[in-house]
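Listed below are the structures to be examined.
Two complexes follow with chain A in common, the first pairing it with chain B and the second with chain C.
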Partner chain A sequence: MFEWLNNSSQSPQTNNGTNASATIRVVGDRASGKTAYMAALARWPNASVNSPVQTIIPINEDGETLAAMAQNILEQGLEMPPSVISDNVMDLKDYQLRIVLKGAFSWRSPSFKGSAKQVTLDINCKDYAGEFFSDLLNKSGDSVLNDYLDDCMQASGIMLLIDGTSRKYQDIASSIDKFLVALDRNDLGGSKRRVALVVTKCEQPDLWINRQRPQDITRAISPQVLKRLQAWQQSGAGSVEYFSASAFGMLGTNTPAPNFTKIRASRDGLAAVIKDPRRWRPFGLVAPIYWLCTGARHKDLDGE
Partner chain B sequence: MQDLGGNIGVIGPRSSGKTTYLAALAYWPERRLKGNSKSAFEIESNDGFEANAKIIDKAKERILEGSSFEPTTVAGGVDDLASYMFSIKVKRFLRKSTPINLVAVDYPGEIFNELVSGEVNSLYEEFIEKCLRQDVKGLLVLLPAWEKGSDSFYEQMVRKFIGLIDSHGRMSDLRLAVAMSKCERGEIWSGRLDPEADLFNMHLPETTAVLRKKIPQKNLEFFAISTFGVLDRNNPRPNRVDEIGQEGINSVLREPNVWRPYGMIAPLYWLSTGKRLKADV
Partner chain C sequence: MTAIPLHIHEFSTGINPEGNHENWISRGFTGQYMNSTISEVPYNVERSIANDEFAVAESAVKEKPSMVGRVVLASGSSGDWSIVAVITRGKDEYVRSLTVARYFLAEGADSLSKIIAWLSFKESQGGLPIFNPFELKVIDKPNISVAPIAKTRATPEMIAWLAGSTPLILPSNQQKYPFPVVDMIAHEKAELTGQPVSWAFNVEALEKPERFQIILPASDRALDLIQKALATKPKDQAANAIDEKALKQAIKGLADNPTAKPEHCQTFVENIFVVFSTFPTADKARDYWQKLFDGQGASGALKQGIYTSQMVRLLTLRAIALPDTLPELLNWLQIDPNKKGKSGDYGEISLEFQEQLLDILKEPRLKTIFIETTRNLVAKVLTKSATPESVAWLFSSKRSLWGKYQTQLRTDLRHDLEVFGKQVRRVPTKEKFIVAGEGWNKIWEQMQPYWLGSPRYFDEKYLPVAELFDQLGDSLLASCFYQLSYGYISSKLFNQAFPNRQGAVSFNGLTIREQGYNERGERFIVPIPFVAAIAAITLLLGLGGGVLIERLLLAKPVVSKEQPPQSSNTSITPTTNKLSSPVSKSDPKPPSTSISISPKILESGLAKFDTTRNSISLIVRNIEDKQKTVPKLLIEDTLKTELGNMNLDFSAIEDESFSDKQKKEAWIKAVYKYQQEAGFGKDGVIDENGKSYKKLEKAVTKGVEARSQPSTSPPENNPF
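What follows is the complex of A and B.
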């Protein structure tokens, strides 16, 4: 069993393709959809034949767990339970996934210009409990929090998830502020850190309609967040790009409708489950990862 | 390809026909007279989306059978606001045109009535915030009354609202499609052909003046809408019967089989694209 796993770990380079990798941390407020994002990514259900993504495979046991969560929770039409913050950051699951993009699509992206080869993205990724995010505001100096921040410093890429349906903009902006300050205290030994801001739950019609303009969505949700990130980028500390994503996706193609059933909605955002698991097809999940790995945007992944 | 669509808010005072308008938009594609439609536009209602499916059911019940829509209230807060998904396109001879996707939100009328009394509570503020958020492309403002006295009420309402547009930083980039609703009424039906001159200048001069003064010209257009339409070109009686019900007047289609709404889609098209076609219908 798992022979392929051994093979792939022995030869991480594909035969004739381009390989890129990243160590990623997924941060964001409670219920911003971090675990659902990762689980949907690991499961990659009902992929379109037009998708630039060929396969997504979990390559360690933690990655397998993610895919299983997708099957056992999301696909059953159940709500993802909140991740509990662990006192020991070493206990956190480290998800390893391999994403293989079809060759024919990669020529369009500037960094792989002229190559019709497959692109393989290897990521290892930890998803922090949302408490981490609010603790940034309320518990500065706390030792557990500091352990997390130290762990976060190891990452070359940060996926900052913002719930597009939440109205706690002020808190989110303040948390992001604290987070960026903490990031700035450690440099990555010369290489620049990448922060992908991802607006989640973009199957919601009012977000979906602007999904191709993620920076505009960010501005609409919170001008302060956008300003703060822009200032951080201008300071030379790292680079920021904006993305829109949905772990649930849409149903239908001509007049697509969001694939969700609402459980409750409030200032804290929307809680929902997948309406039709058999036709579950998330969108926008790979685009930020591609950028975090390569530093280039992928037109077709962005257009998903 | 650039998608021109966007978020659109439908606003206006109580009983201005906002919900009826949206219900009709959702239901119209199912009812339109095949091959006999002179409209320059096509609209698809997204009935895969639950809210659309629900309002289509309501439309059948209300517009055809005549129990009126309950007033849309603020009770559930912004989380309970109904939004609907549509896609519209211009009909072109032998040419495919790109559909424009829209999400339209039905706001409770009381917010706009209360603007005049000056009471803005935090609940109302949440609604205002949502309808003036940066990701809203434009608003369709429905004003139903043309009779004497309505102008000064609308003028106050609009003035207050423009103040809010300003304080939310949207003065330069929010389109306002100001439409007179219920234009099947005999007194104003003929004004539909040039609504700016014959409806707004004529009947609501103060309101029109304050809009023109404050809103940049490129972001302001005037329209005439009739959700019910008239019976026939040669029989311009309203295709609407008003029945007295428990909660006031309920309007029903008089002849459901010749239902021809007027001007429903043109404001949405302009709000999305900034372009106006010669024939609005």
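What follows is the complex of A and C.
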């Protein structure tokens, strides 16, 4: 019982603030931007003074590695290499980050008790190589895949990333279907699991203009995905919320253009690197985490 | 001469390839090796790869592969193996670069140069065999080589380098130092260091540069990067013997999962002993553990106050591997039995975790560590590094790893108090202390005067330990330590510990006095109107009057107004005698604080300090000669009491070359004040022939006699 309480809970903090935590698994197809998302989060570059986020601190060495990857790869205008899938799920890096939100902004989220004070979010997060997701389609009864699924069961929150530029909808919907079935095999001690569906690469103009309507973007990308997630929520297995995000962000604010240089675009999705690292400011990265930790949406984070 | 054919096995990084031999892309990693001639990668080779000993952070371009060569020594059922990895780059359908490797391996520690000879031969025949997903291989059909080892000799320049540091970084010149030459230099280096051969060739960066003997960087930039990376790594290569990856996995596995897996436990426990035997000193082993746990977020959790169940389990594991950190864990958990909620929950998570480990941690050597930790923890309670509540919480739970040994600890302590009692009373005994060690030796030593001087001699510093044993329900140990704290104990506790006694008992020389009785066991009654009058005067006079009243009260052996120590779980707040130093009730001397003394007097006091030193020494010696059974410490403490400053350092008296000016001045000030109070001439110096000397010697002699007189209390009540 305590496991759930503390894996995803709001507990009073002694030092004038409110604290919530979550154990998260980031899943999604290959090249959907999982590692770039996490690295951009750990690095949190060029933060706006208006951002509700005060600071993001890596807590363990894996978290520090993540920030270093952002610095040495993304910030150099290079492409993130594909994460190697290991046959041992224990080999996976477990990123621990503390996200501190400014107190003054939080009053607008009345559903999160005590939010007038500073809010800290502590997360442990593993990002699975995309092969995990595609293997769900192709393999069953594979022992490595089962190890991954078992590991996934420990999470209180799942961040399901879909590449807004990919056209492999049918594959994604089938993988999600199998993933949800696997999730249902294991309950979380009576508590409901949260699944945050995050559409990535929303710096792309057609996605950016609709970024405040993530559920509609999901429907536009794949009605099957949306339908399946809604059915899962209605079955009472857990709750789902929709988000839009970009690890690269936009250039400027008046006439925003995506901060990216295209390498290749195909049915598989867009491959790109950061165009201007000095103006690199990702958006939408903390909103899903806030929800996974607290169960409430944060208007200011949503509006980033 | 024909060489004996060598079997060279191989396996490659597993990918889902698309394309053909010349032109292929990856559609994802498989997580398993491909194109293998060996059904199972030998265990030691697999561990070496898992520990990043072949990991090239950023590989070179396809035309110029990076290479890593090393020998891994036998481990478990796997024999020695020599391995060479040829590392290149590929692309996936998203045009992302990926690093792929083709590993060649042969049995035996001396096969590395033979693999190199074969690779050189292959290179001369059309190119180095690099990763090719379409070059299929068959199990048990290894490559066969008869290539002779080239006779390359080390140049004087190379020999000069070899004596240099490890790893040795060569200039980034692949023409001058092709891989066979690098291999040859590495063999020479291995001869010198006695370590297995290991080298990296044409590398941009390495995950673990410290695990190599020779490194040839791909470029000058790479050389810089590698040197910088090495500067942050520990110089001590001892850690290379530890399978750190497996250990980290075990720790992560235990911290992350609500259900502990036995295999993780086993790895963790084995490593507790491996780490301590690997490093030359215990301090280095401790540093290693500290860094390992910090890498997992331990220091972050403590500093930032991160309370998650993972962190609770991580810090619990840390307290097992690093017993000194147990008080830190207890403080961090904020144990408060009266408070439900957060602290209760986290303590509960730690206990749940410990309960799971209880069944798994059967390693007998661990028992010694746990017993030692419980002893040290009590010492930490005395020094206030841990609260009695948190330790009582830990010890009382049946689910606690350490609680299991608390009965043993209490039995040992009772035994030791008996031995202690005999030792301080000079009763011959062959028995030795069980609870010993640095912390405890000091405690035993410092306890002597209080024990002998009981019940008039006491100090509140023992209160936390008294509270601990009180909360653990051990009335005897609680009685002893309350007695040492307050000079008496509550009637309730007295009756629990000594059911057939009344008033006072002697426990191995410690006079334990029941509240409301004097040390001879006679009832002492203070009329209530007297107490009321005192209270009223206290109120009227305010603080200044309070001091006066306190003196008045202190002059009485027992005053019923005193808040008695309770034998319940509540903490105790005594209303009288808050002096931190032991002060005899019958002879109150408020601790000296600030004394105004002119710098001139201080100066002349320092100049004549030898006179004071000799006089004080003489007083102690004279009393020692007269009272042969009295410990020197008791005489010294009585003298300090008489001079009104328990912080006086006798090193200044005993050591002629003592140089701490401040401590000497403390003596001068105390003497000056003593003279002032006695109405003598004040010079801060005690002269053998002066009035101060005579008065002090007389007073100390009297004080010592009073404290060392045999107790007139009832005969010893030995509970054993």
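One rule holds in what follows: the second predicted complex is superposed on the first by the 287 of 304 C-alpha atoms of A that agree within 3 Å, B and C clash if a C-alpha of one lies under 4 Å from a C-alpha of the other, contacts with A are read in each partner's own complex, and residues count from 1 in each chain.
Note that in this section a residue touches a chain if its C-beta (ideal position, glycine included) is under 8 Å from a C-beta of that chain, and two chains touch if they have at least 3 such contacts.
If you're wondering where the values come from, they're calculated on a predicted model, not measured in any experiment.
Applying the stated clash criterion after superposition on chain A shows that chain B and chain C can sit side by side.
Contacts of A:Glu131 after superposition on the shared chain: chain C is touched, whereas chain B is not. By the document's definition of touching, of the two partners only chain C reaches A:Ser86; chain B does not.
Panel annotation: after superposition on the shared chain A, the angle at the CA centre of chain A between chain B and chain C (CA centres) reads 160 degrees, nearest 10. When the two structures are aligned on the shared chain, A:Asp184 is found in touch with neither chain B nor chain C. In the superposed model, more residues of chain A are touched by C than by the other of chain B and chain C. This overlay, made by fitting chain A, leaves chain B and chain C with a least C-alpha separation of 14 Å. Taken together, the two complexes place residues 266 of chain A in contact with chain B and also with chain C. Across the complex, chain A is touched by residues 26, 28-32, 50, 92-99, 245, 249, 252-253, 256-258, 295-297, 300-301, 304-310, 312, 334, 341-342, 345-346, 348-349, 352 of chain C. Contact residues of chain A toward chain B in the complex are 167, 205-210, 212, 216-217, 219-220, 223, 251-252, 254-258, 265-266, 270. Interface residues of chain B facing chain A in the complex, by the touch rule stated above, are 2-3, 5-7, 44-46, 48-50, 52, 78-80, 83, 85, 87, 101-103, 105, 126, 133-136. Taken together, the chain A residues at the contact with chain C in this complex read 2-3, 5-7, 11-15, 19, 21, 23, 30-31, 57, 59-61, 63, 79-82, 84-88, 90-91, 94, 96, 98, 122, 124, 129-131, 134, 144, 154, 263-264, 266, 268-269, 271.
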